[in-house]
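For reference, the structures are reproduced in the following blocks.
Shared chain: chain A. Partners: chain B in the first complex, chain C in the second.
Coming up: the complex of A and B.
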């Protein structure tokens, strides 16, 4: 136990979370045939790929003491509008297309950001409003047409099955690579870049941040734009993965992303959290979700309830373990 | 009184439609078409059919197409039905997404003189509902799905169902009908229904649920999805995981959404009815009810323009409720799907 002293409480928290994840996997391995396999890893990674970018954006917003409830509608708007766009412009360069998706997301995110930063309206109100507004806009804009797989270029439809590398039945899909790349960039920025540390500063103590001549409003605006851009990336992955896009695309993603962020140990009152935690949190929520649909013991009606319960258990276990690690550290000082 | 006489005359006479329309135009009938939610193709097609009937009958009243946004479907439907009642609308045509929770609002509407005609998805208990315009006989859906499963499985093998939500009344009735068909007819004796799972009509959940089925049942041959969202998501999942040679997807789907999967062999065969016709017929039945041309009793006959004559009958699936049966299906495959998807 002596060795635990060397770790920062944040690191201990991550270790606790990783332990819960391992325990969850061990539990389901004992319950479900052929569970621990490369195939299951493929299933989970490609399922995580859709939600991970959103969770990263959400985490950055939460770090600044705000919340973005509009992300689900944003995913829908980007998947639908850009799906229609690429149907008309088949020849567009894939990289340019991804950037355009993120720009559209960032633009919508900026609407949230301006209202929160300069309008001084609480973010929960603003984004609850835009959650409905963006969805209603989509319903009106769509005129009940579906973006169909048929209208999309072949590279986009085939993207979910394309791999970066393959080894022994396990392959890292391109869409997974995209999500991991986004996580990597966010992680590097938040741990290495001075400018990115301003998100923590604004969240942990807004007054002190102002004294340190940090432009709080601008930092919050940027956080919402990043959240929008990440939802845009998720919208792109959503479009590639599902092909047929209707106005219900991305419905309910806001709750999933908040769950992943909270389970991942980002403090809901701002100021702390790490991308590694967010990745672990997202993976844990998804593992639970994807395992429950394979577990014969629970009926359909209980799955949602059980998922909620397991998330609560995970968070409680994580908090308790962090606390006792913390005490351990304290007692040995 | 005059109006009623003319209506009676109209029913008796061979010139029914013209006389009848002439009478009605003096006093328009205000009608509301209320889908589960706005923004998806099937409901828009139903509205197109209703508008066609609206013009044809020369109704000088209004036809409103209103509906909740997708995330607010249940509460929104109840609220809109209540609002329509206070506005003294003559009829609300409802594709119910709120189960029996909407029954109280529907009964209040009837008491205030607003008729409630359901289509696509009925009120399960039938409370507050004048009549249900059924797209197809729910029992015949069981036969069509069993037949498609049989042919796609090559005569024998495991089949699983991917449905919408566990409490969707129409979906559950169709799955029951399929189970019954499989159990009763000897020609399906080698087709084994192994599981029923749910994707909540969301692409992401349906996609994951389809992959879970494939993992759970290594010998699975067919995924049968009686929902347009589920069938498309399952087909894409099989395509993405390169499983289309092993597992075929079928069920109820929209040609425009399914055309690429039908042509590439992931979903070689699926079925659906015309939502345009369903909207047209619903309007005709509702208009006849609102004008008093029919009372809405069992045995009443409705002249539904280009679709011919329909009779109100007891709903075999819901004791004490009444229905008008449209039918039939169209089964789509590589020969006709492209033309239908335009």
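Coming up: the complex of A and C.
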């Protein structure tokens, strides 16, 4: 135990998380026939590809002591609206299209952000409201029609089966590469970018942030815009992955993203968290989610219950850890 | 004397009906240590908030290097070169020392240069003449170290006027010395230090000039050599010192109602032992962080003790929840009225009846609202709570009146033992005297009182006996006749080691 003291508690937590992930994979390999296969890898990685960008945005919002529950509805709006848009503008440059998706997301995120940071409404209320509002808007806008693969350009339809690299039957798909790229950029930004420290500062001690002349409102607004943009990216990946988009696109992603973030060790009370943790958390949540579908022992309807349980477990474990850590250093009178 | 760097002229500021500052004028010259003293509620905090751009004055003007300026927000204060450090340091617990120091910088490039960050942080810390590892996370730092981080942050921003608000209130003797030497180092480097403290001895040691505030008004600004200890206190309290220390004669002690032997809470405090008699006031003195509050919370069962014995009226009891404490007749009037004490959005009468609601029930568990109001009304008169009636929401009352509501609420539980935590923190001088009188009157009626207080004059005015704590240890119990401000302080700060209990 003594040698463990050398590590920062955050690092210890990441190591523990990685261990849990390995154990989970080992467990399901022993339970499900032909589990460790290219098919399963693809199934899980392309599912991760949709959730990972959302989880990254969610993580940044949570770091600032807020939460974004509207991400699922945002994915739906972006996938549907932009799916309709590209049906009319087949010739648009793919890169421009991705940027447009992210801009639409960022715009919606800005609505959340302005209400939270300048309207002073708690984020849980604002985003609970926009969760419903965005979804209802989508239902109205779509008039219950479905976007089908027929209306999409060929490059977009082919995208989910395109690979970046292949090795021994296993391959990494382009959409997965896109999500990994987003994670890489976010990781570099949060560790290297000076301005990014403000997300941590605002969440760590909002009062001190005021005295350190950090514009708290602007930092929170930007966090929500990033979350929106990331949901936009996820919306694009969702559109590419499924092709057929209905009004329920992205339903329940808020639960999944919050689970990924807290399991990944982002403090729900703000101030700390790492992208490495978020990636591990997302993968773990998705591995469990996707494996349960194939596991004969429990009904797949248990998936949501398990997500809920994971959130509570992770936060409880963190709270206990922080408390005992706090006791070690002796809190104030 | 050189031209002032910062001048405040006729500054006024009111909140709702009360004037926090009226017509305050004073100046700060480069490279001086300028002390500001005054009782709680004299307007020191408001003044600091105006200088740091948190509040805007209602009237008057601020001059910086001779030019009128308006300090609209904290960024503006920072841009001028004004920074403040507080009793409770403003650090980011999740960031490390170096990050904390440079968090406000906009001019260090887009990307983090971690190597340069730590090198620069080390250089600044060295400039202050202290030792601190720039890699340590701020969550593990002591209060003194956190202050060092804040001072280094201010220094990194080319601070010209550094405001220190009660910087030594929670420090040990050794740490105080280090802080004073930092203040002198800053002065030598041309920084002006505004030093706000209750500890007059420190002011006489470091300050060049001293300004006294009382009830929001500027009373005097004099060179330190031109004032005496007594004159300063007289200016602060507005009356001669002999009336200042007036005290009701100690009550003859009644029966032992509470007996505590070897009380321990693992890792928090240990070996606390005392007897509490009916009709006496026992004060817990010590610095912030000396764990006095934790002893109180243990007796009330909020954070139960992990060892030791508690007996109430000669009977051994186990208290692991506030419910059990209340059954034993113990009540706890907490320091943090907002967090632990009162429901701010409820009217006065609901707050008062809350802990004893069971006695206000009619048939079928309905609440007897008439009885609730009647009882509340009687407390309103007895404690002179200033409000139109008992329907007023507690959040709308002043601090002193909130404190009285809280007291009423616990008195209604008919306690034998009343624990007060900082009974007069943040309430004005007049209300303070009223609260003291109420406490003495309760003791006279036979209630046993424990008062936890950081305010030494308050301790000396209230207590029959004083229990001094330091870093979770009981340093001794004294009869009030044997106590002076100096002897208590010496024990509380560790200048003097363990004394014999009397």
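FYI, the second predicted complex is superposed on the first by the 292 of 333 C-alpha atoms of A that agree within 3 Å, B and C clash if a C-alpha of one lies under 4 Å from a C-alpha of the other, contacts with A are read in each partner's own complex, and residues count from 1 in each chain.
One rule holds in what follows: a contact is a pair of C-beta atoms (placed from the backbone, for glycine too) under 8 Å apart; a residue touches a chain by one contact, two chains touch by 3 or more.
Predicted model only: the values in this text are computed from it and were never measured.
Partners chain B and chain C, once the complexes are superposed on chain A, both fit on it without clashing. When the shared chain is aligned, no partner comes close enough to touch A:218: not chain B, not chain C.
Chain A has more of its residues touched by B than by the other of chain B and chain C.
When the two complexes are overlaid on their common chain A, residue A:149 makes contact with chain B while staying clear of chain C. Residue contacts after overlaying the shared chain place A:193 against chain C, while chain B stays out of touching range. By the touch criterion stated above, A:293 is placed in contact with chain B alone, chain C being left untouched. Once the two complexes are overlaid on the shared chain, A:204 sits against chain C while remaining clear of chain B. Taking every C-alpha atom of chain B against every C-alpha atom of chain C, the smallest gap after superposition is 32 Å. Common to the chain B-facing and chain C-facing surfaces of chain A is no residue whatsoever.
Residues of chain B touching chain A in their complex: 37-41, 43-44, 69-71, 166, 197-198, 201-204, 207-209, 211-212, 215-216, 229, 232-233, 236, 239-242, 254, 256-257, 259-261, 341. Here chain A touches chain B in the complex through residues 34, 39-40, 43, 46-47, 50, 131-132, 135-136, 138-139, 142-146, 148-150, 157, 160-161, 238, 241-244, 246-249, 251-252, 289-290, 293-294, 300-301, going by the rule given at the top. Listing the residues of chain C that touch chain A in their complex gives 52, 54, 73-75, 77-78, 84, 90-95, 99, 103-105, 108-112, 137, 139-140, 143, 153, 267-268, 288-294. Remark: chain A residues 8, 191-195, 197-198, 200-201, 203-205, 207-215, 267, 271-272, 327, 329-330, 332-333 touch chain C in the complex.
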